[in-house]
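Okay, so chain A shows up in both of these, paired with chain B first and chain C after.
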Partner chain A sequence: MKEIVVLSGKGGTGKTSILAALGAIAGKEAIVADCDVDAANMHLLYNPKIETSVEFMSGKVATIDESKCNGCGNCSNVCRFDAIKIVDGVYTVDEVNCEGCSLCSHMCPENAIIMETQKIGHWFTSKSKFKNWFVYAKLGIAQENSGKLVSKVKSVARSLAKEEKVEYILIDGPPGIGCPAISSITGANHVLIVTEATNSGKHDLVRLIGIINHFNIHASCIINKADLNEEAAKEIEEVCTQNKINIIEKIPFTQSFTNALENKVTLAEYDDYELNNKINKIWTELKNKEEK
Partner chain B sequence: MKIGIVSGKGGAGKTLVSVNLAFVASKDRKVSLYDLDVEEPNSFLFFDENELSEESVSMMIPKVEETKCNHCGVCSRVCEFNAIISIGDQTLVFPELCHSCYACLELCPVSAISEDYKEIGKIRTIVNDNTTLIEGRLNINETSAPALIREVKKKRINNIDLEIYDSPPGTSCSVIEAIKDIEYVVVVAEPTLFGFHDFKLIVKTAKSLNKNLGVIINKHTPENKLVEDYCLENNMEILGRIPLSYEIASAYAHGKIICKEDPELTSLFENILDSVLRKACEIEV
Partner chain C sequence: MKIAFASTGDGWNEKMDDRFGRAKGFFIYDTENETTKYLDNSNNNDMSHGAGTSAAKSIVDEGVKILVSAKVGPKAAEVLKVASVKIYNGLDNGILEEVYREYQNNGLEMQV
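So, the complex of A and B:
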């Protein structure tokens, strides 16, 4: 089993469009997992038929039982997150601020504080229109703990791959380099970087490479919008060479990305011969790399 | 007055809007721009780095004093984040999981735990004429983005007329931390299949936090009505439309403030600023 995760650092570089197309070409050879749970998009192109839907519980929030509260204020004093305030004369938890650490409930002399585990979203296993397994999740509105949900999606994809003897897991990662990005890179065999030839793209790529080097994972890179800033594109190539990252494709700025989305198809299905070829080539290269 | 720029989807144009709004506003006001996208802060790329100061941000992590610890395991049981674990006669701290809640410190029956600190990131301040950029920059391999965002927001500059928060992408922990105490949210929408989907998510998120909001449509084309129609149906104000254009994308790609390049875009952003300020004032009153 080989796990390939797509990351970019900067958002909007074309990660999801490219991974969705790779998953479409791979078909039954790959399980596809959408780990950008904050803003999951791939299901919009995959027409998933849901096989299982499971509620995901994670993290706690405090609630104060007013009838037991003696108003001592211990809870508010010990809270490091400014989450307990007096509202209309009673101590009240600000759920947005509450970190779920439970310190207040331990310090309450009246046992008036209950910690409740939160339903933060759902994860799904499904069959996509490309006949492969597709695992994704939806985080509830204004819910936190997305890193934990990312780990869940990955572990579900892994056990499916084992059961069904599928060779590849293709993972769409989140933007950034923090908690959810680190969750999605953990345990992967290969990182496919999709960057863009902009000053921001290059800056964010350098930080992403820092994470990749830390985890010591092989990586290859696609430069999207390669003609937007040719100097930036050149600098990206230099950074990649220094870090032994192969540039496997450059894609010029094209309306095909938006047009394909408008037609609700992946880049592999969209009528752009040159782009179709590039996507096919990327998939072949990735497979070759993993066999070496 | 504080306004927050959000988008849900990455690459929708948050930073483009933030730096250009700051630019037009700074002509006759003092502006502070907070770059709260601490995982990938980009706003500084649009500034001259002529006056720069940097400070370190740390968070508390527990330190176990071996001589005092009796290995009772209370710390391990009370920690909700599995950041401190007691096994046999060893008590181990996992700093990357710690949320600095102090539960282990407060509840250790023999006071064997004291405060230690680890650096999670930096705050950089860059002053360009009337604009002060305050940037949070998470250290590589750190996961505590919300904790750093909290510290960046505490950094106050005197005599500021307008504060702009350039927020992180997504709809979860980091963006909630960024916008939870601001007065008015500007949602930058990209009218693509993905952009529109994430736009609806972030609008719901902002509304669930009881925020007032307005919308800027980026990469706008007259024939695409996705966001436009949604705003109309849901009674949301459209503050402005930035056209889909290779020139804008290319100027952005080179780290240029597009308003400096094109007078038409300057008046577009001036109009957007006027609408934002008018709406935000109505709320304050």
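So, the complex of A and C:
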């Protein structure tokens, strides 16, 4: 079993578009997992039939027991997130603002504040229109992705891969380099970086490479929108060379990315011969890499 | 001296876990008293964020000086470094007993 994670550092580089297309080409050869749960959107392209749906619990939220509350207001004063306010004469927690830090519950002289585990969303196993297994999650309003949820989605994908004897797991990783991104790298065999030829693309690429080097994982890179800023593209190539990261493809800016999305199809299905070829080449390249 | 393994369960026959912060638990061997202890990690595993640093704290609180684990994340590694805990890579899917033997033979790679 080989686990390939697609990461970008910066958002909006085309990471998900490329991964969705790779998953479409791979078909039954790969299980696809969407770990970019803050903005889970691959299911829009995959038209999945849900097989299992499981509630996901994570993080805590404060609840005030009105019968114990003496109205001292300590909780409201100490809250850094302005989450406790007086509503109709009683102190009430605004669940959207509450970060679950528990400070109020420690400061309450009456022990009137209970920290409760929250249901934050669901994770799903499904069969996509490309006949492969697709694991993804959806969050409730104002909930955020976490390392815990990423590790859950990944472990579900792994056990499916074992059961169904599927060789590849393709993971759409979260943007950034924080907890969820690190969680998506853990245990992976290869990181496919999708960056773009802009200064911010390069800046975030450097930070991402720092993490990849820390975990000592093989990586390769795709420069998307490679003709946007030739200077930035050149600098990205230099950074990759210094870090022994192979650039496997450069994709010039094309409207096809947006057009494909608007038509709810992956790049593999979209009528752009040149781009189809490039995506096919990337998948072949990735498989060869893993065999070596 | 105490040596801890990021483990999938309690006992020398258990396998290494492939994560550190969200490992199932830590199997700790005290080389002086020749006693073992299992530290359940489900509390840390359950955290949305910061599982790595919390697991590192648990390891330091136990007085562990050697940690054998899958690659430890950058922040947790910093915590362990300050507490002078040495970190070694385990063996993929390795049984703890084998991994310990490998450690004794200086066969484990140190994490930078």
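Of note:
In this text, the second predicted complex is superposed on the first by the 247 of 292 C-alpha atoms of A that agree within 3 Å, B and C clash if a C-alpha of one lies under 4 Å from a C-alpha of the other, contacts with A are read in each partner's own complex, and residues count from 1 in each chain.
Assume contacts are C-beta pairs under 8 Å (C-beta built on N, C-alpha and C of every residue); 3 or more make two chains touch, one makes a residue touch a chain.
None of the values given here were measured: they were computed from a predicted structure.
In the superposed pair of complexes, A:187 makes contact with chain C only, with no contact to chain B. Using the contact criterion defined above for the overlaid structures, shared-chain residue A:106 touches chain B, although it does not reach chain C.
Of the two partner chains, chain B is the only one touched by A:203; chain C is not. Once the two complexes are overlaid on the shared chain, A:214 sits against chain B and chain C alike. In the superposition on chain A, A:147 makes contact with both chain B and chain C. In the superposed model, A:10 lies in contact with chain B only, and not with chain C. If you count the residues of chain A touched by chain B and by chain C, you find the higher number for B. Once the two complexes are laid over each other on the shared chain, residue contacts for A:179 go to chain B and to chain C alike. Shared contact residues of chain A, touching chain B in one structure and chain C in the other: 144, 146-147, 179, 182, 211, 214. Chain contact summary for the complex, chain A toward chain B: residues 8-13, 16, 37-39, 41, 44-45, 60, 78, 80-81, 96-97, 99-103, 106-107, 139, 141-147, 174-182, 196-201, 203-204, 207, 210-211, 214, 225, 228-229, 232, 253, 258, 261-262, 264. Across the complex, chain A is touched by residues 8-12, 15, 37-40, 42, 45, 78, 80-81, 99-103, 106-107, 138, 140-145, 168-174, 176, 180, 190, 192-194, 197-198, 201, 204-205, 208-209, 219, 246, 249-250, 252-255 of chain B.
Chain C makes touch with chain A in their complex at residues 18-19, 21-22, 45-52, 70-71, 73-74, 77.
By the touch rule above, chain A contacts chain C in their complex via residues 58-59, 144, 146-149, 151, 179, 182-183, 186-187, 211, 214-216.
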